[in-house]
Structure formats: C-alpha cells, structure tokens
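One chain, subunit A, appears in both complexes that follow, with subunit B as partner in the first and subunit C in the second.
This part shows the complex of A and B:
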C-alpha cells in the first residue's frame, strides 16, 4: 500500500514537473519570423497568393518535421502597401524576437533599408528592385533584379531580331519600382547591347492607349519592354490587339512584340487581358504550373495539401512566397545542422555561404539560389515564357543575362 | 490625318466614359451639395455585381448589366437612408467625412470577397475584331460603351427637364427650404439622387471593367480620375459633365499623341488635364457650366 502511494506521488510529481518545464524543452525550439505585405490594398493581387505561399511552406516544414522538433512561427501581417504600417509591423516583429524578416514592396524596402542594416536583420523582400541591395548588407533579393530581367529580355530580342538595330520602347510604372531598369538598360547599350530605346513611357491610369501605340507605330517601334504590374499591361495589350499591332510571332515585321518582367505577367495578366495576352513574352526566375515538371507538381501538391483554390495554386506569386519561405527554412536547417544557435547573425552567415557547392535549389525556381558577400541576388537564372493558347509556355532554356555583369565593371 | 481622327475618336470614347462616371458625382451634388468621395468604390461594386451575375449566376451579360444597375440603385439608396439621411442639416464637412468613411467600409467589404485581391475579366460577348472605318479603329466594346453613355445621359437630361420627380430634384438643388414649403420631400429627393448615382456608377463600372479588366485598384481609381472632369464641367451641371468629359478625353489623347515622346516631354497626357483645370478655375471658379451663385449679405 505504501509503495503504491509512493509510486502515485512520483507519477504526480513527474507530471507536474513536465507541465512546469518550458514548452521548448518538450516540443523543441520555436523560431520566429515576420512577413509584412499587402494582403489588401494596391498590389494585393500579388500579395495575397504570396502570403499563402509563405504560410503553406512554413506549415509544411512544421507538419513534416523538417526541422525535427523545432518549429517556425511566421507572423504574417497586412500592411496595405503603406510604408508606415510596414515600419510599425517590422518594429513589432523585432519586439517579438524574429530571426529573419520577409518584406514586400519596393517603397518600404528602400525606406527601411537602414533599419534592416542597423538591427542586422537578414531580410528578403518580394521586390526585385536592384536599388534595394545597393548599400545594404542585409537585404537579399530572391531572384534576378528587375534590371537583370529587362536586360535579359533585351538580350533575347537582340538575338532573335532580324535586320537593323531593333527599336524598343519601355513601358514602366511611375515609381522607383518601374524606373529601376531604365538606367541599367541604358548602361547596357553603352556597353554594346545593340538596341535603340525610342521612348520610355511612365503610364497613368489610361482607359485608352491608342495615341501612345499609334505614336510608337509612327516611330517604328518593334518591341516594348514593360516593367510594371499586370493591369496597365493588359490595357495596352487590349488596345494593341484592337489596332492590329500585336506581333503574331516574335519580331514579326511591321508589328510590335510585347515583353515584360516578373510582375507584368502570370495568370493574372491572362485573366485581365484575355485573348489579347497571346504572344506576350514574359520572364521570371520562377516555374509556372502550365509547364509540367517536378517543381509544378510540388507547388500544386503543397497548395492542395493546405486547401488552396486553383487560382492561388497556379499563381507565380504563390511560387514566389513558397520560394522565400524555403530559403529562410533552409538557412535555419543549415545553421541547425552546424550546431549553431538560431539567431539573426547565424542565419545571415548561412545566407552568405549559400553558394558554390552550398547553393540551394528550391522547387519553384528555374535555377539555384546563390548568395555571397558580394552577391545578394538569389536566382540569377531566368526563363522566358510566352502566352500560347491562353497559357504561359516556356520558350527556350533558362539563361543568365550577360550584360548584368558587363555593366558592373 | 487618319492619325488625327483616330485620336479624336479615342478621345470621344474615353471622354464619354469619363462623363458617365462623372454623372454620379453631379447627381448627388446637384441635389444635396454633397461630394461623394466613395463614388469610385460604387463604380467598382457595380462592375463586380455585373461580373458575379454573369459568371457565377450564368445570367446573360446584357441582363446582368441591367440587373447590376438595379441592384446598385437600391444599394446606393440604402446607403443614403442608413448613413446620410440623419446628417441632413449638419455641416457639409461632416457629410463628406461620412463618405470618406463609407469609402473605407466598401473597400473593406470588397476585400472580403475574391474581387479585392484577384483579377478577372468579363467573358467576351462582342466580336473581338474591331470596326475599321477609313483607317480608324474602334472596338465593339467602345462603341457599346459610348452608346450606353449617351443613352443614359439622354435619359437623365429628359428626366431632369420633363419628369415631375426630376423637376422636384432640381427644385431641391436650387432651394431646399422653398422646395419643402411647396411639399417636396427633400429626404426622398436625396435618396433618389443617390440611387440614380448608384445606377450610373454601375453602368460606368460595367463599361470600364469590360475595357480594362476587373482589377479593384484600377476600377476604384476612376472615382478620383474623373474628379477634374466634374470640377471642370461644374459640379452641378449634367451637360457640363458630358462636355468636360469629352474635353478631358480629347486633351489626354492629343497630349499623348502629339506631345509625349516629343520635345523631351513625357506624361503630359496625365498632367495636362490638371493644368487646364487650374487655368479654367482661375477664370471660371464654378467650372464651365456650373451655377454661379451670388450671395447677398
């Protein structure tokens, strides 16, 4: 009887001790991350699937125990595309003790650049603006910058163009986000890229682009490179289609071939422009689900696992969100494998060492992620896609633009 | 010369759609002296209702278009009844602040639906090949847009000139006290003005949505884009809204066609309407056709 009493006491004591122990000692460590982005407000058509991609991949990491008993807790907050809210979110994340930060817009990344450096926080924005990483040690672009994308498109059209120097117009967003690539394209021309920039147009909220398109026609513009979001591009394509100006095949004589960088394309462009999106050429470093492959399968499986609808599952911005979450999780996994404590310093070091044999291959990109002290641009490889029968189809093999390196010298 | 006439046609098309969007502002201001800041959101709501009826409820788009105008008619009337009716007699700034609040509420409600953060486009219901006449291109969507705009403008002009309700609305606009003294229900007129504004907003939303695709940011921005049109035409003038809309459309097309990209200029199509607006307001502070009120002290 006495021994039964003793055993019961021991068991109760053990249970009390277990409950009193910190949760982490029982369930592993919790690594806190933060994401601030536009789930509502301007550009939320990109932000919404992006947030879902981030959320799903971190859930997957935790559910599949990819970090053992340790888990990632990523707080996602809507900043409505307002820098003041982004700043407040970031400061609150700092108070929470985050070890890695995911940001979103070009404006807020440029505005908070100093803050990230001051607190030494490794940061990945959804903006690929080259200016984000100028003078910053802690910002890492997920993929090739908008400049690299525009240069890549220009190089492609030079290779494919027949005849004299191709005449190109640039159709850009009236902001740092849109203007970024213009200067780098001009530098590339000085470095030998054989194109002539006829005009750079910063678009407004135009109901009709007839005048602009007719003007381009009168100036013999053959190609248009866009660096903006889908909606104005869709408007331009619809008007160009009505005017019979869209090239039926790349570089068709007396017609205009339209091309664009990451945020101009994807399924949202097809949703907005409909048939007028046919033969639109688009570049990004992400895979698309309309091209069968292991990456597309993985993306769709992840979205299905967490009950996402078709629109989110097939979005290149969902792929974008999955990718940044993968990179952050991979940095944590590597730091953990080395036996390091997980904090912003060790994760920063892991990011810098993600190159050469240590390059990381996410499922949703067309090339490896490589970072170093001098290279804060993740995936350098780009893939060209074109809309064919209402879907984006790969054109050629993935490539790395040459002039991005040439203009650095 | 073909180039010139193409710009004229495009300018008239764009201008008439501006006019249709601007009419909603005018209708409300004309009767209640309130500037509805949430007008862009109502335009977007009208476009989304048309889309939902067409695609989700499988109703033919022509019927959906009319139904969405009816729905928005009652929606705007309810908004006036719930939020604005009790503000009659309050300072005008309070009423404007309520419309700003209303803008946030409608924004929030739309963000709760897929429309807030996804892009859509209406199913094609007109021939996609444009009409070409003497080298000038115009799409069927644009033609239908212009026809609907002028039809609605014609109906409203008749309504205000000939119908008893329209005349009572004009009377309220002129003098609320005098109108009440002859038995006109001012609250009813306010409700009707909001309802008619909702109806025109839905029409504008449907047309703009067909042209640009359904993107919330693009759609609700038209509430602000047409603001110079409303000011230029005169806040309380329907013909003013039409004339100013077409003037603005033509200015934008000519600026884009002849100035942008030449003489080192860029973006004049977006800037020029505002410059012209400022110049005209210097000489005609009530707009081109606005009522010049004389206050005797």
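This part shows the complex of A and C:
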C-alpha cells in the first residue's frame, strides 16, 4: 500500500515537472525596470501620457519579441510629484531588483542623485534640468537640457531679429526646474550672445498677467522665453492676445513674440490657449504628430495598437515616454547581442557606448541619441515649431545650439 | 489605591501623587515593556523590505513632530498650521550647516546627536518667536499668525541662495561605533535611533504633563481667565508651549534630513502642516497615545489611497484627472468624520479597549 502511494506521488510529481519544464525552457529572462512619476497630482497632464508611452513601448517590445524570448517588466508607480513618494518607490524597485530606472521630476532626481550613484543605477529622468547630471555618473538626460533649449531659442531670435540688441524677458517656473536656464542664458550673453535680459519673472498662480505684460511693453520687451509648464503660458498668451500684444509674425515690431521650452508647448497648450497660441514658438527634440513623417506614423500606430485616446496619442509627452523606453530597450538589446548578462553595470556600459557609429536613432526624436562618459544629454538636436492654424508646424531644420558648448569653456 | 497594584480596575487614588503616576498598575508597566521589547527585537526575526522600513521611519519621525503639535493643539488648545515649517527649521539647520562646512564634515557625520539637539534648540527659538503673538491672539487670529510663519518659511527657503533656492542640500552619511552607516544599514540604523528618541521624548512629554507647567498648560486651555485668577501666567504658558513644540519639530526635522540624506523644500510645505494637523486630530488631541496612532493611521491611509489613486489614474482617461482628487478627498473626509463622530480620536478607541480588558473577566 505504502509503495503504491509512493509511486502515485512520484508520478504526480513527474507529471507536474513535465508540464512545467517546457514552459520554463521556452520562457526567457525577465528584465525588471521601474518608473516613478506623477500620474496624478501636479504635472500629471504630462506624466499621464508619459507613463502610457513607456507602458505601450515595453508592451510592444514583449509582444513583438524584439528581445527574443526575453521580456521587460516595467513597474510604473505614481509618485504624485512628491519626492518622498519617489524615494519610497525607488527603494521598492531596488528590492525588486531592477536593472534600469526611469525617474520623472527635477526635485526627486536631484534628491536621489546620490542614491543613483551609490547603487550604480543607470537612470533616465523626464526632467531635462542640466543640474541633474552635474556630479552624477549615472543620470542620463533623454534630450538637450532646458538650458540648451532656452539658449537655442535665444540664438534663433538673435538670427531672426532685425535692429538693435533684442530685449528679452524670461517667464519661469518658481523652482529649480524653471530657474535652471537663467544662469546659462546669462553666461551665453557674457560669451557673446547678443540679447538683453530685461526681466526674469517667476510666475505665481496669477489669473491675470495684464500688469506684467504692460510693464514689459513699457520696457520695449520684444521676446519672451518661457521655461515652465503649459497652463501659466496659456494664461499669459490669452492675456497678451486680449491686449493685442501677440506678434503676428516672428519679431513683429511693437509686439511680443512668445517662445518656450519643451514643457511649455504641445497640444495641451493649444487646447488651453486656443487662438491665442497662434505664432507661439516652441522647441523640443521630439517629433510632433501634426508634422507628417515616419516618427509620427509610428507613434500613432503604437497608441492605436494599445487603444489610447487621441489626446494621449498626439501628446509630445507620449513620444517622450516612448523614447526613454526605446533607449532602455535598446541598451538591453545591445547588451544581449554582446552576450552579456543583463544587469545595471552592463546596461550602464551600453549607455556610455551609445555614440558615434553606435548612436541610437529612435523614431520619436529629431536627432540621434548619443551618450558617452562626458556627454549625458541624449538628443542634442532641437527642432523649432510654431503654432499655425491651430497646429504645431516645424520651422526650419533641426539644429544644435552653439552657445551650450561655448559656455562650457 | 487598591492593595493589589497588578489588577486594580477602579480609581483607588488617595493622593495626588498616586494620580500622577505614569503607570497606574504594574500590569500597565508590564504591557508597555512588552510592547517596547517587541519594537526593539522584531527586526531580528522579520525581514521587512526597505520600502516599509522607510515608511516605518517616517511614521516615527511624524510621532516626534506630533508630540510637539499635540502640546500646542491638544494640551494647550492653541491652533497651529505652520508645524511643517518648524520641522523644516530643524532640517535646514542640519542641511544648511552641511552646505556651509561640507556634508562630510565631522560635525555632520560624527556629531549627529549634537546636530539633532542643536536643530531642536533652533526649532525652539523659532517656536518661541512665533509663539509671541499667542500672548495677544487666540483662535482664528493665532491660526493666521502660524500660517504666516509657514508662508515666510516657504518663501525664504524657495528664494534665498543660502538655502539653494529650495533645491536639495545634501547631508553626508553618519558614523556610528562600527564606522560609516552604509546604505544597507541606513534605514534600520535610523529606526533604532528614532525609536530611542520616540521613547525618550514620550517620557519627556508624559513627565512634563505631571509638572506644574504641564498642569498649568491644561488649565489655561480649559479656561485661561480662571487659570490667570489662580496665579498662573497664561501668556507664558502658551509661548512656552510653542517653544516646546518647536523643539520637538526641530528634532524631527533634523532626523528627517539625516534619514533623507538632505533637505529639500517640498517636504515642509503647507500640505505637510495640514498632514501633521490631521495626524493630531485623528490620533486624539490631548492624548499622548494619540501621538502614536495618528501618524500611523495617516501614513497607512496615505499608502492605501496612493494605490487607489494610481489604479484610478491608469484606467481613467488622461483628460479626466479625477484620480488627482482622490487623495485630498479621502484626507479631508477622514478629518471631518473624526471631528464629527470621534473627536477624541483613535486614542479613545484604545482607552475603550483597555477599559474593556480591565473589566474582563469581571475582575472585582
């Protein structure tokens, strides 16, 4: 009787093993990644589509078997734009054994900078603050920094401006995120960039900007460079439109031409400002879906494949999310192709070698992603867009700001 | 009092001295010791994830901060909505000094107990200054005075270069007898430091309430004119309460800075002040045990609401940002419900449970 029981047990165990073995033999490795960002709370208008972009691209990688039988498992947590929650999420990801980390806000990136270096975790934030990469070996900005973007806008207006030194005001977010480019613009002026900064305004939560705009008008301000998020810019544009101050064409005399960096623009700005957004000049390194091209098609197809609504599908922050996921997946793919074990060290090495002939060309950006030991800004190329008939249209060819290098010397 | 000090169930006090005992029965003392032992030894048996160690450390920091707020709000009857700013004063005392002398300076890394006490004293100084309006103001007007301090603090930190304009200022890793406390031991180390501080501060508050000052504070809360007529100085009692609240907040802030390895502006905003207020109300105003229950309850609620909001954020369309409102909604709702149905907070449930257990099984 005992022997019969024993035999039955062995047979059941063997059956279970046989059922499990083919699965484990076929199933590949699972690479764990983590993303902590504001899906709700402040800046969630950007964080929400960003999270969807990351999620969709990793699903695409797994569905299309771009890594063979291996899969990416990216846990996405909402931090509500609170550094304390981001820290908690990051610690949880470390416990889970992630090999690559995607972060979001400037504040949390700066706060966790030491942690990233200590645990040697390659990290890509959604913040393009130049201070993020100062003194850090493991943080990689996806695209050109806010400083480079603001300098790029300033260089453009110098090239297009007719007459004496253009008078410029800066409209910035009252935080490290907003203040970042001011110092670098001032350095560029010292290095020879011919603009005059008349005023730097850190906006509050004012519902009316009439006084500020009239003051600028009285000081002959002709250009405003914004480094903040869309809603304050939309408020400013609406007030400027009501006062008849918005330039009909770039640099129009006695009017103001408004320009802005990555997070000031996009379709959300048009939705918020309406007609007042016409002739707003905006720079980013991402493609936009209102400009036909392979990148726009790919972005829309991806969003459609995973059932995203139009708002998310056409968001430049969706492209932003897709791009960081592309870079992470590419680093894994390359490390795998070399036969290396996938861990944070090998992925870090892959990031550092992503340059020259090994540069990466994601479809969602206007230029290649290049990183090296000394270069932690991914896409150096910027594209200028302007709102025409309610859509962002490309203005000129992609460019690389000159003064970003000059002020380093 | 009952001859049997183990199982006394009623009020048998015959002197004021007996009434002022910290533990009314030996059983109370034993239970307290058992709880304390459990808090000290569980890390040897349970391997808690880093995430939850961090949560636990943050709860203990909040307990220290709420000791202070409870002194002002619960025992003193004075409203304060600037408590996070006092915590911030403590954190920035450590962080700004680290910014000036270097984050790896011996004073920061080796002299951290001194730094924590120093930050507490700095908090006390600010508390005394902010408490001065309490000599003349009450109720809504005092609320406005403390709110002003919160606003001034936020503005000062956010705009002055000395405080790195609110950007993160780093604090080096501390050293202990075994050398530098590394990343792997960081949260456990601070758990024990915090636990010891919570116990010391808890006994401090409990003893304070047995002193002349503590009793005068409660008397002033109940009726300041009557207290005045009995020879107490209501104004000084109130200012002293603010000073003490600032001291506890300063200690909590310094420990927060060491735990987070730096200080950033976002941790000490008005939102955090409201959170401390909620912890005090939910825990139980004027109850020492409320200082433990409040922070634990609010942190756990916060975690659960985070999961709910995150889940809602994933399934709701991006244009419909309802999930953003879930957390503040739940937060406000909990405060209102407690104020309406259980104004004495969770501490009262604890009291009811203890009373029930004392009578069980009919110990007369």
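The rule is short, and it goes like this: the second predicted complex is superposed on the first by the 385 of 409 C-alpha atoms of A that agree within 3 Å, B and C clash if a C-alpha of one lies under 4 Å from a C-alpha of the other, contacts with A are read in each partner's own complex, and residues count from 1 in each chain.
Keep this in mind: a contact is a pair of C-beta atoms (placed from the backbone, for glycine too) under 8 Å apart; a residue touches a chain by one contact, two chains touch by 3 or more.
Being a predicted model, the structure only gives us computed values, none of them experimental.
Overlay on subunit A: subunit B and subunit C clash in the combined arrangement. With both structures placed on the common chain, the touch criterion links A:83 to subunit C but leaves subunit B unconnected.
Residue contacts after overlaying the shared chain place A:45 against subunit B and subunit C alike. Contacts of A:243 after superposition on the shared chain: subunit B is touched, whereas subunit C is not.
Look at A:174: by the touch rule set out above, it reaches both subunit B and subunit C. When the two complexes are overlaid on their common chain A, residue A:311 makes contact with subunit B and with subunit C alike. Steric collision with subunit B, judged by C-alpha atoms after aligning on chain A, is confined to one stretch of subunit C among 114-122, 258-266 or 330-338, namely 330-338. Subunit A residues 39-40, 44-45, 48, 174, 311 lie at the interface with subunit B in one structure and with subunit C in the other. Against subunit A, the residues of subunit B that register as touching in their complex are 3, 6-7, 10, 13-14, 17-18, 107-108, 111, 114, 116-121, 124, 128, 130, 137-139, 142, 208, 211-218, 221-222, 225, 252-254, 256-257, 260-261, 266-267, 269-270. Across the complex, subunit B is touched by residues 39-40, 42-45, 47-48, 174, 198-202, 204-208, 210-212, 214-215, 218-219, 230-231, 234-235, 238, 241-244, 268, 271-275, 311 of subunit A. The touching residues of subunit A, counted against subunit C in their complex, run 39-41, 44-45, 48-49, 51-52, 77-78, 80, 82-85, 87-89, 91-92, 94-95, 107, 110-111, 113-115, 118-119, 131, 174-176, 179, 309, 311-312, 315.
Interface residues of subunit C, counted against subunit A in their complex, comprise 49-51, 54-55, 58, 158, 165-168, 170, 183, 260-262, 264-267, 306, 309-310, 312-314, 317-319, 321, 323-324, 326-327.
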